[in-house]
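Look for chain A in each of the two complexes below; its partner is chain B in the first and chain C in the second.
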Partner chain A sequence: MTNTIAVKAAPRLKLTDRIDIIKNKRMFSLAFPLSILLLLILAFGAATGGAFFRGTVLKGLFDQTLIIGTMATAVSFIYTTGNLDISVGSVMGLGAVAGALVYGATENVVLMIGTAIIASILLMLFNGTLSVVFNIKTTMVAVVVMQLYNAIISEVVGADTLKVDFQLCKMLEDGGFRYGAFIIYFVVCLLAFHFTEMGRQLRFIGGNKKCAEQTGMNPKKAICISFLMAGIGIGIAAVFTIIRTGSVGSTTGNGMGMDVMLATVLGGMSIFGGAKSNTYSGIIGALTVSALNKGLLMLGVSSTVIQGVRGVIFLLLVFLNSERPSTLPAREQF
Partner chain B sequence: MKKRIWSLALAGIMVLSATACSGGSDTGTSAETSQTAQGETAQEGETDSAYSESFKIGIAEVQANDESIQRRAYFEDYIAPHYNCEFIFSEQCNGTEDILTFIENCADAGCDAVISYGNEDIEQLTQVCQEYGMMYVVNTVRINPKTEAAFSGGYENFAAFGSDQTAIGQVFGDWLKENASADGSEGFLICSGLAYSGNLQQTEITQSCLTALQELYGLTYESDLNSMVISSSPIEAANDKGINIYVYPGNPNKVEGYLQGLTAALQTGKYGVMLQSVQLYDQTGVVVQETEEALNKDIKVAGMATVSESLKTAFATKDQFGNPTVNMATAKPVSLLCASGFAQTYNLLTGHRDATLAENGDAGELNTTLWPITDLETLDIISQWDTPEGGKWIVDYDIVDSMLAVNNPELTNADMQAIVDSVTYESTLERLGE
Partner chain C sequence: MAEKTKKSLTGKIVVQTLAIPLITWAVCEIIDRSLAGTGVITNIADVKALLRTLLTSFSFALAINCNLSSGRMDLSAGAQMYMGCIFGGNIALGLGLGGVGVLVLSMAVGAVCGLLVGVLFVNLRILPMVLGLGVSLIFECMSFGAYDQQGLKLFAKPGVEILSNVAFILAVAFILVAAVTYLFQYSSFGYRRRAIQGNQKLASDSGINIYTNCIQCYVLAGALVACAGVFDTAYTGGLTPVMGMSSNTQVFKNMFPMALGLLIGSYSQKPVVGILLGSLSVKLLTMCLSKLAMDSSMQNIIIYSLFLLLNIYRMNAYRFEHAKEKRARIREAREMKAALGKA
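Then we have the complex of A and B:
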């Protein structure tokens, strides 16, 4: 009798509360975008009579995703700390220019790869250092240096494009260099982000900077580490870019900062960082974008309609992924 | 919560309906839409018998403007139903990576060819298309080392079509002969736009303008002409005749910064003629008028343009000297360019590669000239042609048919060029009327 009364008195959960409980589960940020991606692939597979499941199509999907996916994986270290950097596209472009220039001078592919990665790391560290030394928000630093890097690219490349032997690029691609490099980098990031003290510190700082400072963590050091990790990934993406097209032009990397941000958000991660950040959202988001573009095109959907459909789906995903707390944001945004 | 569920449901319905509608309309384009240019309705049986083989062709777009809308209408509504083709259009491609992605997606969608309006990395992209068994036809001309490798590389899946550089130079040269002074004392400002970052059209026009001035005044430039064209900073084209010639580069997409620099140059008072390789006549018109008022000096303007309402306004608006804001605009006969690209593609697809080859056996090109417009009356007439609504296409089925080797196996690239050359403003006026 007593038990019955207790059950009746328990408050009944509203649907919103139930959804919030599901959304707050640790695996939701991985499971939801991944489910959407799989659903999309299944839907396109069915709609195209199985053509979408062909090995070449799926390989193409992955190929198209690698550059943005690698960059998104890289910048997740920066986003996690609650910082933004939209200059990553320009950094990637300049890294690729440096790599292509070295290849042009030496015809040595190892030097090309090394130069692209080192140049990208140095540029990202420069961004991070500017922010730390002058205590300026990384977003503002990015806006300024982006102009600078683009101007350098325009000046160096000019009207021509820097060429790298296309057959060599094809050989590297066919030899699985890109896949190997991506998988190694991705696994390293995954381990560093989710299973090391450094990763936990970055997430903590992103969640509550002041609290992190009071527990002895150093946010400035964290920014430098996050920019270093991002620099490695952006350097690898620069190499991927060179290999993919065999050329680097003055527009290489333009607008990629926003594409990376979009992929991250679509993959289910907040660009404001914090405890729920992860390294895999970017690649899931990038795959979603590529799957949508490819699938709709294979269905014969007009490019103008593709833009509309993509916009609606993005809105839906962001709507479902994002948190809208009833209280004011706790983090200091600006 | 109810609102949230409703919004989700409505968004879902919107996605599904948009996909369903577009899918239906697109896949049905070639088979079902059968409106002809002159407002007639084509007979399905007739279409099938004339061009029974069906092809799927991707169009890689690099811009989104009036011209791309005209182009889309011509391919989709006019060419597709008659020639049993289906066209897939890309979104605006911002570089090689985007075009490459589009090519890969086209291959997966079962395309037979890609017509590209981007002219970067042509050789690499031709090789990619070759791997996928697709033809690659590019809107470019054989003018510099960037394009040379693709033309001379012996690629069996490559052909080109573009604007005739010499003819464009001739258009500007002729206009200058009539409008510039005998000694060139008024000074010339040439807007080179994005030539510094490889924009081929703007490179061509800037080259043409500098060459036209060179020929007109018999002058010799102190610096290399090509390096001045692709200079990323403004440069005085110093010459032995002491004529003021200023090459002004800049990104016209960043209008404010572009106009700021242009205003500064014009207000020096050293330039009385402005030659534009960029299509920005409406905004630059304001700058020119302000300068004319400030300096009490007439500045003549000639440049590239797309036939549109804003161009009409520019011609109709008079400055304080009673001259139109734009004195000469070169209009692109969009359907002629499209038809050239389509004919090259169709000939490659139907196994008539010989018809696309140049005399020396290299990949061939078809060159289209631009039409000069110097008065509102001509503009009014031209604006009735090549409109997205259809009705009066500059190049109709008869002309396209004559450019296809399936109808004439003896056809050569020179024959095709002769057909393209025969489509002039005068011949079109005679055929379509005002």
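Then we have the complex of A and C:
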């Protein structure tokens, strides 16, 4: 009887409040972007009369996703701590240049892979150091080093391209090296992020840095670790890039930082970091972008219009997936 | 006595404000004279090139500053520039309005684009960087698809020579400095903007409409980027539309003049004049490196290394201040100890 009275007296929740409750559920950040991806695939499948489901199309889709997906998985460690880095494309480009140069000098594929990964790790650690030791905001670091790394790539490569043996690239591409490397990296990231103390610390720091500091955590150390983890992924993406084209040019990696950010946000990752962050958003986002591009192309839409559609869908999904703050969102960058 | 102190303070501020551009010019002059056998600015063509590129950089840096100082990094500013110039410029050329018409209409379209981004931001409340990415994609698509993907061509078009006229460039620069200084420092808009920069929540609680002010900032930034775009197009002859978020490069390129300008402006509390002098310093440096026949990638390596050093200095200036204060305290303590010892 008392319960019935209490239920009757309770105010009815508004629709927006109900939506907010659903959005705040832990699984929402996975379920929502995944549903959108499945919806897109089904819609394009139906619109193309099933052609979208062909093995070659789906394989092409996954191949396109691999580089951006790996990089997006990598940067999720940085985003989790509430930091942003849009220089990852340039880091990847410079890592690929270093790898290709070493291959040109030694013709040793193991050295090439090792150099690309180590160079990327060192560059990311340099970015992290600028942020942690010299207190420069990560976004500002990214803006400066992005231009700097692009200039170094242009200076080193010039108008030519650095070639890597085509047969070797083909062998690595067909031999399942890329899938194997990606799966191993993705699983390691998933475990490190969701099932270790380090992952919990990164999320905690992203959620409330001051509170984390007072709890005894070391944000500077955590940020360095996040840049290190990102560096490994970006190095692997650099190797994928070399394998995919068999050459590295002055424009390798240009604008990729933006694509990675686009994919990460589209996949449901919070740009503010914190407890709701995850490692799988990047791959979901990258798959969504690829599916959208491929599907619209198969429907005969021009690439110019596809970009516009991508923009509209991106803004719509980000709006639906993000919390609406009471004041205007801002972040001190400078 | 008070007047004398005031005068020496003003003199100190003037020296501090002019120090960076003057030192830059002096160093560049020495380097160019000793390595290339020529000065940084030796003829009227150099002056023209400096002024034309300076106005572009100054206008764009001002636009970035409109939002960045309030914690909003607008990555769509470059795309707004393309929209403003391609639509506004082509409409003006179609109507036969000449150079002034191209400038005015481009700025108007740029302002409309800024208004659109501002309204979207206030209503969607997505992080400005993320919103900027989405809007860039849409604006680039629109500016690329329009006018047969030709962009804006000003080369050999009748009536647009005025955009290369030194007197006109100087007049526009003067108007920009005066208007933006008034808006930022002496108008109620600027007062509210500074209050919001201090603390958005407090400003809102004290009755300031943070949403209207934010939209006004976006509109102003839109008009300024379009102005920058028109003078850049007049300098290069044409503006080719871009895709794939390449328009963001314009934003990144003009960060250094803005950052240096804010440092210079901090001495006199005049950010607009500071940004003008910051842009001048960067342009002098670029001209100096060009005279050394350096390729653009090497120029960028030097310029962005300096930008990095500037950032390191800016974010660690307090450490130098602390060290200076510590040294002064130690000196004072030693003097006191010596005085006590004598007594």
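The definition used in the following text is that the second predicted complex is superposed on the first by the 322 of 334 C-alpha atoms of A that agree within 3 Å, B and C clash if a C-alpha of one lies under 4 Å from a C-alpha of the other, contacts with A are read in each partner's own complex, and residues count from 1 in each chain.
Just so we're on the same page, contacts are C-beta pairs under 8 Å (C-beta built on N, C-alpha and C of every residue); 3 or more make two chains touch, one makes a residue touch a chain.
Note that the structure is a prediction, hence the values are computed from the model and not measured.
Superposition of the two structures on chain A leads chain B and chain C into a clash. By the touch criterion defined above, A:M140 lies against chain C but remains apart from chain B after alignment on the C-alpha atoms of chain A. In the overlay built on the shared chain, the residue A:G255 is in contact with chain B and with chain C. When the two structures are aligned on the shared chain, A:L315 is found in touch with chain B and with chain C.
Of the two partner chains placed by the overlay, neither chain B nor chain C lies in contact with A:M171. In the overlay built on the shared chain, the residue A:L39 is in contact with neither chain B nor chain C. Once chain A of one complex is fitted onto chain A of the other, the partner contacts of A:I271 are limited to chain C, with no touch recorded for chain B. In the superposed model, A:L84 lies in contact with chain C only, and not with chain B. Contact with both chain B and chain C is seen for A:Q307 once the two complexes are overlaid on the shared chain.
Of the two partner chains placed by the overlay, neither chain B nor chain C lies in contact with A:V187.
In the superposition on chain A, the residues of chain A contacting both chain B and chain C are 154-155, 255, 303, 305, 307-308, 312, 315, 319. Residue ranges of chain A in contact with chain B, taken from their complex: 14-16, 51, 54, 56-57, 60, 63-64, 67, 154-155, 157-161, 166, 241, 244-247, 249-252, 254-255, 293-294, 296-303, 305-309, 312-313, 315-316, 319-320. Of all the residues in chain A, the ones that touch chain C in their complex are 84, 130, 134-136, 139-141, 143-148, 150-152, 154-155, 255, 258-259, 261-262, 265, 271-272, 303-305, 307-308, 310-312, 314-315, 318-319, 322, 324-325, 327-334. The part of chain B that touches chain A in the complex is made up of residues 1, 7-8, 11-12, 14-15, 18-19, 21-23, 25-27, 61, 86, 88-91, 94-97, 100-101, 104-109, 120-121, 123-124, 127, 146, 195-198, 203, 230, 232. Residues of chain C that touch chain A in their complex: 68-73, 75, 120-122, 124-131, 133-138, 140-142, 144-145, 149, 200-201, 204, 210-211, 214, 243-246, 248, 252-253, 255, 259, 262, 295-301, 304-305, 307-308, 311-312, 315-316.
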